[in-house]
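Next up: some structures, all given as structure tokens.
In the two complexes that follow, chain A is the common piece, with chain B as its partner first and chain C second.
== the complex of A and B ==
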């Protein structure tokens, strides 16, 4: 151990030399396309920088001050919380419920779970376009369904429903992710505790509550973490359906960033916004790794 | 008791049917709409039985539009990105799995946070760098952009697959006189082949399905199919027939690919956390 501590890079240099050289190209490429841009973004956040400018000027904490005192920035983060929180909660509930359904049905489990996971493969841009079609006030199938129930709502054009609609799109596309992860967990739950519970006269609900759900807790946490990082990642559905509107009702932080950067061409400001997003996803990534390691040990 | 069991199952199947309707109606509606005439398409309730027409597809593939070129661009970018990331990722993933490096934890963390970084936050610095290097509007730029999330994904996934291959296997090959790299190539890679295929398919899917990077980094002549879909939305309205057909063309290959590697889907989509 003592000896290993004095070596800078590798614990067992001789044995691992080949592995090191095999990993190196990836590290170099990844550094070039992730670390370098990251520092570039940090640099840009301190510069007065716009797309048509030859030479950015040093701005000190100007961009940061502007961003952090901008109510639109905080409102966008607020909407992101609603979007992520609402979406994740719905996905969690539906995802687990459907996984439990699949777990309990005696036949066609594989067929049903395969069919149910199809939305996962749909490109988010297509999801947006498709839902826009379904909700279209003139031609939309779902608008027609709502209409027959007496609800004549222009879902995407109404600030009070638009957020709900984009959340539903995310729920439609990604609930299956939670379902298949939780189902995979359920299928590894051993028989013995369930049989023991049967002997003790437990009903199905008690078995779910006290045996199945606790045993898939780790799966649920993993699924939620992957989803929460992904929900920050994508803005495609919002771009194609509402463009952040109506009246900014669906302007999440990602959309806000795109707007600051490419519509207002304020690169310095956008860089500071981007760094707050990165910070959020890095904190979640840390947590993800921690969960993985804690279960391995 | 028997009776109650039956009733319970009936309820479960009913709920399952509802869930499947929720998941599949939008997809079916899109596919069916793309094969209807303009008149039939907007009929409510929608007609389930009709004579399909492929006019929209014919116009898309053989008409005056640029659709075939969009499709070719998508294919080239996705395949090149996947090949590149797989080449690096298979070797690097093995290094990560077996290396026992001092900074392995940090590398793992770095890899996963690169994979999960929010796309708008990644686009911004890349845009600035690419404009300095004249890479905006080029296929190379888009391939590099996709590498930012596919390389960490491939590295991470391959390292989890290689960890499943027992180290005894390559040690036995080395005792038989193979060098380490040869043992890796001849013994470990074939053992992890299903994992490699699954990783490749997912890399392909992530590139193929991307819209945001493509919307910023492509220009005339390098645009991909998701851009073609978005271009059908304009101030004056949306060409729904074409939009649904384009959507169908985008999702079909991915549905097929996804079903082919169905077994590894959970693993891929949970970043290897669930086996």
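== the complex of A and C ==
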């Protein structure tokens, strides 16, 4: 009896040690690239810390007060909501539509899927350069097309159009990601419910509405989770095309952060801005995970 | 419960990585983006912008009478009659630093390209290995800042932009006076007095003249580029209608500039003028370029940014109160706002590169632009207007004239080792020497030395536009205007203060709002003044 009771006690620590050593490399890497910088950001957000200073000085809540009372900070968040909301909605609609289209193509599905995926393989900086070139008022193809139809507008130079333009650039680049995830989900849908629907006389829309979309809903949520956390920080095309202008129309929170950190070299201020972005990312992540859990339930 | 914590940890980790990578990618992308095209030196606060502007001449190789002979005091060769020589103390061993590697970080500008292309001259003479890293100015600022903050010397030689680096970080540079006065080392050929003095003041010092932190390296300046063919062809027609000679020159006023630009717009729309579409174009994107473009008008109207003295040359820590609420500044803003209403519509999307490309495409008759773009305009492979471009100083206003200056210097990181500092000094001696400047003219370089301008070759190129010398060195056409622009009363130098990057951002952001019709010129000036004073504590 004593032997039986002591056996598990002797084996348990051994298993824990093995697990610990196996996990250690991952923990070290995670600590190096994520946990340490996170705590450093928290530290920096309470310091008066810029690159031209000899050493950081304690600033209390100074950086936080400056950040949270800065109108430009809140305006940037407002624009980020428009940018992220508009971008995600458009990507969701187009992504699902293209996935359904590809799903229903009887032949050459792989070929068309590959073609639709191409924007994903373009570096974001190149995407920005490409769109800037296309919309350039001197030699841009799209500008010429707009002019031909009597629309003499400066897409990137007019605050009314600039935000729409940068959202469309994001949609062009990232819709394929939604497409590929949703398409993968569609391909796992079993044939039986669709055949049953055929027997019941359901039309194509009804099959999409009541069978396909509900069955890939979880995949859509996963896709949105990934994209939503990415789009918050996304500034590449904005940097290349509008640099936050005109009239601050495209200055999202990511661009604002970049300006504070690298143009003004205010590391303390940038840390406080970055932490608000981290908080927003966590909240958004939790929201989508909650949705996923409710789907599971 | 455990699962929930694992999920939370994963979300926290992913979110942290995303936000942190936003920080890092944000800093790097502008550089990569802006350097990827042939003329993409974006975010260049000082307008050092010809970039890969396709200079086709070979002035440096063609002119003068190179001695060709390297002697013991000058192992580099290339000296020509009339230039100060590179000289070293007797018995100086130019190869004493052999094996040292120097890293230079610089903006992608004509002198950097020219030096990089000829670096073997220096390396062979000294045995010192030099890596020249040419990047966007923002990246130079960032990397120099990181080096200084960590007391590192990853870069021993740094492109010391007066407004974004020198004004904030002067204390991290070696005082070059100590090296120049060291009897065991070579001194500056021709002495400090051979540098254009106003450029030495703004590029070499900070706060006082006791310490010399850097040596003038480039000197782009905003002047007026115009289409000679258009102005010659329609001269009589304009004279008939308006009653004066419209050829751009020193006597032109901003009001006349506006009138001429409007007239060209109307005639182009009516089909009378077919060579261009618009009278004027501007670099009015929400970008540093907008501040530069507006400053020309501001200075001409008698306005300025701050009240302190010496702001534009040796600089100061505290600029005093903002002057942008003055009647002169508001009047300048009102004029600029009106001018942009008749400018080429693409103006609000262009920085200096975009504007230059539009001008080179033949769309615009007149543009205020950095003189170094002359190389691009005269290159038929890049420009439809080669041979048709004239240059002059910018128009005058009611109270003077302003031609924005945007030169930069190079200095030595004081955290380098003693050996590296001395090796870097040899590089500075060579890189800023008159004979080196002469050698790299064909890279689109503008000399910063008086002596180079005195050479017969340069004189011929600048004074006779039809000469072979001028054809070989296309920058000559704009340099006459630039030299005129450098004169006191014509040049405008922005405030050299530590908080300039923030002030600059405020200026161009608020101006962009004004041009978008979001606020009046008077409100714009008041807003800039309010934000600037809050930032400077005045």
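By our rule, the second predicted complex is superposed on the first by the 261 of 297 C-alpha atoms of A that agree within 3 Å, B and C clash if a C-alpha of one lies under 4 Å from a C-alpha of the other, contacts with A are read in each partner's own complex, and residues count from 1 in each chain.
As a convention for this text, contacts are C-beta pairs under 8 Å (C-beta built on N, C-alpha and C of every residue); 3 or more make two chains touch, one makes a residue touch a chain.
Since this is a predicted model, take the numbers as computed values, not measurements.
*Asks:* Figure out whether A:33 sits in contact with chain B (first) or chain C (second), or with both, or with neither.
*Replies:* Both: A:33 reaches chain B and chain C.
*Asks:* Once chain A of both complexes is superposed, is A:244 in touch with chain B (first), chain C (second), both, or neither?
*Replies:* Once the two structures are laid over each other on A, A:244 reaches chain C alone.
*Asks:* A:84 in the overlay: touching chain B, chain C, both, or neither? Say first, second, both or neither.
*Replies:* It touches nothing on chain B or chain C.
*Asks:* Once the structures are superposed on A, label A:220 by its partner contacts, choosing first (chain B), second (chain C), both or neither.
*Replies:* In the superposed model, A:220 contacts neither chain B nor chain C.
*Asks:* Is A:134 in contact with chain B, with chain C, with both, or with neither (first, second, both, neither)?
*Replies:* After superposing on A, A:134 lies in contact with chain B but is clear of chain C.
*Asks:* Who does A:274 touch here: chain B (first), chain C (second), both, or neither?
*Replies:* Both partners, chain B and chain C.
*Asks:* Please work out whether A:172 is in contact with chain B alone, chain C alone, both, or neither, and reply first, second, both or neither.
*Replies:* It touches chain B, and chain C stays clear.
*Asks:* Is A:230 in contact with chain B, with chain C, with both, or with neither (first, second, both, neither)?
*Replies:* both
*Asks:* With both structures fitted on chain A, tell me whether chain B or chain C touches more of chain A's residues.
*Replies:* B
*Asks:* With both complexes overlaid on chain A, does A:282 touch chain B (first), chain C (second), both or neither?
*Replies:* A:282 contacts both chain B and chain C.
*Asks:* Across the two complexes, what residues of chain A are contacted by chain B and by chain C?
*Replies:* 30, 33-34, 37-38, 41, 51, 124-126, 129, 136, 138-139, 229-230, 232-236, 239-240, 254-255, 257-258, 261-262, 270, 274, 277-278, 281-282, 285-286, 289
*Asks:* What part of chain A is in contact with chain B in the complex they form?
*Replies:* My answer: residues 4, 7-12, 15-16, 18-27, 29-30, 33-34, 36-38, 40-41, 44, 51, 94, 98, 101-102, 104-106, 112, 114-126, 129-134, 136, 138-139, 141, 144, 172, 175-177, 180-181, 184-185, 204, 219, 222-223, 226, 229-230, 232-236, 239-240, 254-255, 257-258, 261-262, 267, 270-271, 274-275, 277-278, 280-282, 284-286, 288-289, 292.
*Asks:* Okay, in this complex, where on chain A does chain C touch?
*Replies:* Answer in residue numbers: 30, 33-35, 37-38, 41, 51-53, 124-126, 128-129, 135-139, 152, 154, 156-159, 229-230, 232-236, 239-240, 242-249, 254-255, 257-259, 261-265, 270, 274, 277-278, 281-282, 285-286, 289.
*Asks:* In the complex of these two chains, what residues of chain B are touching chain A?
*Replies:* 8-9, 12-13, 15-16, 19-20, 22-27, 29-30, 33, 41-42, 44-46, 88-89, 91-92, 94-96, 98-103, 105, 107-114, 116-129, 131, 144, 147-148, 151-152, 155, 180-181, 184, 205, 208-212, 215-216, 226, 229-230, 232-233, 238, 240, 243-244, 247, 250-251, 254-255, 257-259, 262, 265-266, 269-271, 273-274
*Asks:* Can you list the residues on chain C that touch chain A in the complex?
*Replies:* 7-8, 11-23, 25-27, 29-30, 32-34, 36-37, 43, 138, 141-142, 145-146, 148-149, 168-169, 285-287, 344-350, 354, 357-358, 361, 363, 498, 501-502, 505, 509, 512-513, 515-516, 518
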